[in-house]
Amino acid sequence: MHFASDNAGPAHPSVIEAVARASDGYQRAYGAEAAMERVQGRIREIFEAPQAEVHLVATGTAANALMLGCMARPWDAVFCSEHAHVEHDEANAPEFYTGGAKLSLVAAPDGRMTPEALERALLPDGARSFHNAQLGPLTLTQTTETGAVYGAPEIAALAEIAHARGMKLHMDGARFANALVALGCSPAEMTWKAGVDALAFGGTKNGCMGVEAAVFFDPALAAEFAHRRKRGGHLFSKHRFLSAQMEAYLDADLWRDLAARANAACARLVAGLRAHPEAEIVWPADANLVFVALPRAVHRRLLEAGADYHVMDGDPMQGAPEERLTARMVCDWSMDEDGVDRFLSLLG
Amino acid sequence: MHFASDNAGPAHPSVIEAVARASDGYQRAYGAEAAMERVQGRIREIFEAPQAEVHLVATGTAANALMLGCMARPWDAVFCSEHAHVEHDEANAPEFYTGGAKLSLVAAPDGRMTPEALERALLPDGARSFHNAQLGPLTLTQTTETGAVYGAPEIAALAEIAHARGMKLHMDGARFANALVALGCSPAEMTWKAGVDALAFGGTKNGCMGVEAAVFFDPALAAEFAHRRKRGGHLFSKHRFLSAQMEAYLDADLWRDLAARANAACARLVAGLRAHPEAEIVWPADANLVFVALPRAVHRRLLEAGADYHVMDGDPMQGAPEERLTARMVCDWSMDEDGVDRFLSLLG
Amino acid sequence: MHFASDNAGPAHPSVIEAVARASDGYQRAYGAEAAMERVQGRIREIFEAPQAEVHLVATGTAANALMLGCMARPWDAVFCSEHAHVEHDEANAPEFYTGGAKLSLVAAPDGRMTPEALERALLPDGARSFHNAQLGPLTLTQTTETGAVYGAPEIAALAEIAHARGMKLHMDGARFANALVALGCSPAEMTWKAGVDALAFGGTKNGCMGVEAAVFFDPALAAEFAHRRKRGGHLFSKHRFLSAQMEAYLDADLWRDLAARANAACARLVAGLRAHPEAEIVWPADANLVFVALPRAVHRRLLEAGADYHVMDGDPMQGAPEERLTARMVCDWSMDEDGVDRFLSLLG
Amino acid sequence: MHFASDNAGPAHPSVIEAVARASDGYQRAYGAEAAMERVQGRIREIFEAPQAEVHLVATGTAANALMLGCMARPWDAVFCSEHAHVEHDEANAPEFYTGGAKLSLVAAPDGRMTPEALERALLPDGARSFHNAQLGPLTLTQTTETGAVYGAPEIAALAEIAHARGMKLHMDGARFANALVALGCSPAEMTWKAGVDALAFGGTKNGCMGVEAAVFFDPALAAEFAHRRKRGGHLFSKHRFLSAQMEAYLDADLWRDLAARANAACARLVAGLRAHPEAEIVWPADANLVFVALPRAVHRRLLEAGADYHVMDGDPMQGAPEERLTARMVCDWSMDEDGVDRFLSLLG
């Protein structure tokens, strides 16, 4: 009954085995090992993007912050949703890696920013002088932080606005695979064909130990990446242990399979929650996480029985029993029907 | 015959096995897993430092730069040896993490700075005003970049100078275990008993996949570490894969055994080199790396026969055959007698 | 008919004369001149704050950004109004000087943030972990960017919320004198007695050439100022030309007299605008600036006749003549009745 | 007898008068005033550089640090002389404005770096990878910090080395006019014709209140300047008071006349010093400053009699009377024969 985060689960055995196999004799360090070449090739294939530049780092914070650093100047504003992880949960890592760029929040009623809200946030043409932050990149999270997933046309509409102003589009894809499985489209359709210039392609939350790929569809944006990664302390000397993870993750569609499992578990969870008279699903639960409002008394019962998840807006243990509090529940790749069903039976 | 770097070798099987075992079910993320508690306890024991604060990161660059960030203000000078890795091989990571502090180089004829050179670099008391960089920390590398090892009294003498000015002492211990084995003293004697306030305790070069411990003997220096680590993108969500490595590394003295192997291989290599009429050992080869000057013709022969090492000061393949060029040769934990002997037989 | 900005007007003759007098022979450089001692003493008297630390810089951007740098750590959030100059018009200077802190916007319906909005923005106690930006200072602009002025009790209410969380309170006083004159209270009442820990006390907009005082009522906050100012390039070698301006500005209440003139001109302007059937005053015009909505046709007439002011939300020259656009009009110390009346007569 | 610094003297009356004249009615703010246009035009004429981009700031620290920020990336090394002001006396301002670039010191026996020393510092081609700081700009100080002046061919030789590596050449011209007068060449010959890409052209030390021109002979290097200046807090709202100073300074060759006065005073001082049996001139005193070694007893006598200058390497008041200590003596534009002669008569 572990729904706290897809960070709390294990790595997939295939990933672990690949790591063990990689610990074999001498190899070139710092990403010059043969496996990294293969990883880049495989990602280019999967995304139908033969020109893409691919680099690996170990954390999502690093992937997003380094990429935004490549895309924004210190006097720019980076435009993100009001729910964005980069704004709320990265301890100012984007500000650090951009040298002090500002995050400007765009209204996103259900987690997805709308074209209208983006237009408003950008201000009319000519409204910015050197007194103001300049137009930096737009960053979208896919799957969003609310659990909603942008459709490819929605991404394209936002990309069009950004590109018309000369802005680049970054995608925070910590849960990219879950969104892809939810939409059933191709990786290319959800990214560069919709206008995405650079993608942080997540592995950690979806069955890896700790690996994320910075994928630059516009290779010019990658020009500084090697310097920025080293300067940030994110270049692994025994880099083989990153490329081994990613290679296993991509092999035989493991990445999609694991996301499909997580999404299926979440769908089962959502169905069960919907059936409960006091539960209210807050946002569209399109992928592997769901926000649900429940009375405090229910939370208390669940948590005391050993369920594990985050209540976002109050203390579940203290206060009026009927007050509704919103919980975030996340299913990782290792969540099975049994775990969901045990939880739902507790819910009653 | 791989002497290019201790970064090019594999991880030890015990480390890999521990990582595989750690991938088991749900655990608290971000360092709150039980293993991290054990790692901190074990390091406190090993260093006889019950108050020490311990954090893990995946790279040495991150460990050193984050720690220097905790110890230096942006308008400070960090004092390091003229050979220091933090100055020459970190792509300005220390400057990045300190917010723009300066590295001031101290003369270090054989890789070890002398008390006289340090005094000179610090300037007389009162010579610094707000126009100048202020006194920040002193950082020493142990094992030094030249292969020489500071004795504990040498460290203490430098620490005394630093502490008299209110400066803190940081130790870059990427090859800490190799130095410890070389000196045969206790971890406490080589660190806090000699005045070291904070140590980057390396695992990666000595048999781990990628893990370094930031050990703050002065826990007040660690106050900002959690914020700085997260902001730098160095907090692992599946942190269990860092603590598992470190736990295995510390278990049953594995870390010392691996360093002893590397040092023994290097001693065998040095002995063989010394026996060669044209080889000249450049600096004291106290631990697991040696710098040796050899005629270009000899380098050429060795490299063409498959030996792998770095020539520091020229192109071994082009130029006068009798010109002497200096090579750096490093033995990692997995280098065995056989490898050394095959190389030495090539040397002739 | 110049209402574009109080930056567009001249310096007061007394200030110019003082600058000329200061250019007399050799004096100690970098703020060690005798006049600076007198300036600090005079500010301590005026503010009834004998312990206050006072430093001068030449621009408001520098004063605010350097002070916020002293008050916020790089992983903090600085809380400011949604209208705040530091957010909108400083090209990321606060982010630069804080080393990458974030500005978090607080709702401020008429330019003044409310206690409720501040509480909401701060989140409940315990809701921030090391994943999040930490609580940095609160900054209030007085006179606000809308022209409204906080009453001293309003400041005190916000200060209380901030101090209860351990946050410090900074005041951006680019138009401090105008607010003081509007309220008719004492400098102490509007600052430290209401909980302000540090004030950027403006001179430039109110009759100086370019000088602002950083006034730290809590002198501990000033500990880093000298280093930060020098590092930022804001320490004048011929600092006497800053202290001379400030000394003349403070002498014989010149600063209050100039603000009173500006406020009186603005009151006359506002009265005239209110009398116009199509004008709508947007926010409380408490001091020396007013936002007024007028039909585009009216703007066009005024601007073509030579009036000078900024239209905020559209092109006054193109579009439907009846559409209302909001203008900002500012009266500086040198605006006289005549200028206002000529403008009003144009308005008709 | 004031030889402490050319920062301690007054501004020239013509500069003060121009400032007073500029305080006249409403003008466009932030550098859009008409005088700034004229200043740029005049500098283009003087330097025979019709394409040069010119901006003004109030301090030399700001001018140099902002320009280096435009020319260096955060992972670069900026190469400067071992005596450089930017290294020793700017409290890490260059590191701040470059976002953490490193200053790499080049040997400069008499204050002027030699081509050989520069070549050595740059390392051979191909010796830098992404582990290392990259090649950023070269910065030369003219007049150097020792008082020696580079000849135009010396500058050209260093420029050639830099340009061959793709590096740009910055000149710190805090005492540019003094060097120009000393060499008797044209401004163009000492700058862009010798390979200088950007010049910080000083006014403050040579008769202004506080103004320096950032002159970009390569206008592409100025692309970010407006954003960087505003972000640094160095854009004056009442910018007219900067342009008025610079306009007066350039008018009728005032800048050259003032430098000629300062150099003449210094030459008289040096001649007097040379005549003294115990004085030893340390470095070539080509312009308006001289370093001279004198016994402590002599320093003591001079200082007690009211002479004002800095002793660099010890306490003149305490220690062996015969020990020689080195003093720096600077003549500003307002130093006259009388002042020098009074000092020399004291010296005896």
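Chains here go by letter, A, B, C and D, matching the order in which they are written, and residues are numbered from 1 within each.
By our rule, a contact is a pair of C-beta atoms (placed from the backbone, for glycine too) under 8 Å apart; a residue touches a chain by one contact, two chains touch by 3 or more.
Protein names from UniProt, one per chain: A, B, C, D = Low-specificity L-threonine aldolase.
What you see is a predicted model; the values in this text were computed from it and never measured.
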Check your understanding: Which chains does subunit A share as contact partners with subunit B?
Key -> C, D
Review point. Which chain's C-alpha centroid is most distant from that of subunit A?
Key: D
Exercise for review: Mind checking the centre-to-centre distance between subunit B and subunit D? Centres are C-alpha means, answer in whole Å.
Suggested key: 41
Point to revise | Where subunit A and subunit D are represented by their mean Cα positions, the distance between them in whole Å | key: 51
Study note, to complete from the structure: Note: subunit D sits from subunit C at a C-alpha centroid distance in Å of 34
Practice item. Among the residues of subunit A, pick out those that touch two or more other chains and give their numbers. Key: 30, 74-75, 90-92, 96, 99-100, 130-131, 227, 230-231, 235
Review point. Line, ring, star, complete or other: which one describes how these chains touch?
Key: complete
**Study point:** In the complex, subunit B residues that touch subunit A
**Key:** 2, 4-5, 7-11, 13, 16, 19-20, 23-30, 57-63, 65-66, 90-93, 96-97, 204-205, 209-210, 227, 230-238, 241, 308, 334
Study note, to complete from the structure: In the complex, subunit D touches subunit B at residues 74-76, 87-92, 95-96, 99-103, 105, 124, 130-133, 314
Practice item. Would you tell me which residues of subunit B are touching subunit C in their complex? Key: 30, 73-75, 99-100, 130-131, 134, 224, 226-228, 230-231, 235
